[in-house]
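You will see chain A twice below: alongside chain B first, and alongside chain C after that.
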Partner chain A sequence: MLFFSYFKDLVGREVTVELKNDLAIRGTLHSVDQYLNIKLENTRVVDQDKFPHMLSVRNCFIRGSVVRYVQLPPDGVDIDLLHDATRREARGG
Partner chain B sequence: MVATGGLRFFTDRSSDTNEPILDTDNGEELMHLQPSVAIVLGNHPPESPGTLYISTKQVIWLSDTDRTKGYAVDFLSVSLHAVSRDPDAYSSPCIYSQIDTGDEEEDDESESSDSESDETLDISKITEMRLVPSDPNQLDALFEVFSECAELNPEPVEEEEEEHNWVFSADQPGLEVGLDEVDPDWDSSQTTFSTIGHSNGNSDLSRNVLQLHINDQRFEDAEEMESNNSNGGHQ
Partner chain C sequence: MLGGPGLESVVDQLISVITNDGRNIVGILKGFDQATNIILDESHERVYSTKEGVQQLVLGLYIIRGDNISIIGELDEELDASLDLSEVRAHPLKPVIH
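So, the complex of A and B:
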């Protein structure tokens, strides 16, 4: 659940979601759920030449299981908070 | 990988209502019904008219005119869905979705299915599906239903640990049996081996043995004689 809470803090920020089929979509994180399903708004495809069909899409729902990476805004990580959270998670509490 | 079956044919419809027969025993429920929807599979031409049924488990499209024609895809296989409105991407506003066909199976099936299905398109390899409602104003509602149902279908928990246990437990008895069988032989052979080995190979030990012999009273004379002899020899 660590990453669920973590991504929830990023709602409203600009992220790039890279899928396991190499499609990378940039957009504003609209919402995320416990399965890390991700809803993006104002989306645009990073490699438009490779995936022209996604040009028209302005918002989309991405199944959590197909996500490979989520690229975050550089200042989107509260490192101290993340440290604490991972320690707590590691202790099983 | 097996769970992500991709798109499949669906002909299981009720003779009375013409609606798809759902797996209600396992809790599947119809969430949304949308009449007058065309379906576009990959780059194939649109098929219409049809009716879209969204259940808690899958998306089903049934032809209105041909009772034998219908398609379904589990939400587990829908990687992504979105509202597409740009006429450049597709002529009509639609729900655009990508289907996970399970790459591993794809290669296996490609050869076998080529020979079998010359006429029918191999829908298990379709990776893109567009659903085009005649009324574009329904798109946002459809998108929301899609999202809601996708959230109802999280990835089944892969029981990898169990698999590992199985591998280990399969190995361990084998190992134990092997050791049990070998142990007695190994022990006896090692005992003989070590006695031979010590006297032959271990120089420290053989030196000790030599010193023992030297300190033994019975050999003192002989040694003296030897040393005398050698002294004598030198002199």
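So, the complex of A and C:
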């Protein structure tokens, strides 16, 4: 639930999503749901010459289960806040 | 692809699906559920290879299990029409390794 809220705060920011098939997709975070499925707008594949498979896709839905990493904007993470929130959640509320 | 986090906004539109085994299937989204199981109508597979251009295989009506789906992309039909797929060469995508 914590990371769901966290990602919701990042809506509208530029992120790069690296998938478990080594594809990396950059785009504007449009929305996220409870499974951490991600919707991106104005997408481009990071290595388009190697992966031309999504050349005509501008908006996409990425299934949460295939996400390996999400690269965030450097100012998109308040580490102290996230620390506190994860500790609070670990304590059970 | 506006609207909420779900796939409501692309129902009855042409989408491009990349599956966990690296296949690319293009078709019209007819339905979906919570688990991202989807129904695709008038679908075809696009087979990428380095030896020749993209091959298109007609599949018809397909149901794809959500577990096996990586990406669902909204296909920009204008952009797609401007692509000469017979000139596109690439290695097939790698399968997803969890």
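The rule is short, and it goes like this: the second predicted complex is superposed on the first by the 93 of 93 C-alpha atoms of A that agree within 3 Å, B and C clash if a C-alpha of one lies under 4 Å from a C-alpha of the other, contacts with A are read in each partner's own complex, and residues count from 1 in each chain.
Here is the rule we use: contacts are C-beta pairs under 8 Å (C-beta built on N, C-alpha and C of every residue); 3 or more make two chains touch, one makes a residue touch a chain.
Keep in mind the model is a prediction, meaning the values are calculated, not measured.
Student: Please determine, from the superposition on chain A, whether chain B and chain C clash or fit.
Tutor: clash
Student: Quick check for you: in the superposed arrangement, does A:L81 touch first (chain B), second (chain C), both or neither?
Tutor: neither
Student: Identify the partner contact of A:D33: answer first if only chain B is touched, second if only chain C is, both if each is, neither if none is.
Tutor: Both chain B and chain C are touched by A:D33.
Student: Going by the touch definition up top, name the partner, chain B or chain C, that contacts more of chain A.
Tutor: Here the partner covering more residues of chain A is C.
Student: Contacts for A:D22 in the overlay, against chain B (first) and chain C (second): which applies, first, second, both or neither?
Tutor: A:D22 sits against chain C, while chain B stays out of touch.
Student: Classify the contacts of A:K50 with the two partner chains as first (chain B alone), second (chain C alone), both, or neither.
Tutor: second
Student: Just chain B (first), just chain C (second), both, or neither: which does A:F61 touch?
Tutor: Touch partners of A:F61: chain B and chain C.
Student: Please work out whether A:E41 is in contact with chain B alone, chain C alone, both, or neither, and reply first, second, both or neither.
Tutor: second
Student: Given the superposition on chain A, at which of 22-30, 112-120, 148-156 or 220-228 does chain B overlap chain C?
Tutor: 148-156
Student: Could you list which residues of chain A make contact with chain B in one structure and with chain C in the other?
Tutor: The answer is residues 19, 21, 23, 33, 37, 39, 43, 52-63, 65-66 of chain A.
Student: Can you check the complex and tell me which residues of chain A touch chain B?
Tutor: Interface residues on the chain A side: 19, 21, 23, 33-35, 37, 39, 43, 52-66.
Student: Which residues of chain B touch chain A in the complex?
Tutor: Interface residues on the chain B side: 78-90, 96, 98, 100, 128, 143, 146-147, 150-151, 154-155.
Student: What part of chain C is in contact with chain A in the complex they form?
Tutor: 1-2, 4-7, 10, 16, 18, 20, 22, 24, 36, 46, 48, 66-67, 69-77, 79-80, 83, 88, 90-91, 93-98
Student: Would you mind writing out the residues of chain A in touch with chain C in their complex?
Tutor: 19-23, 25, 30-33, 37, 39, 41, 43, 50-63, 65-66
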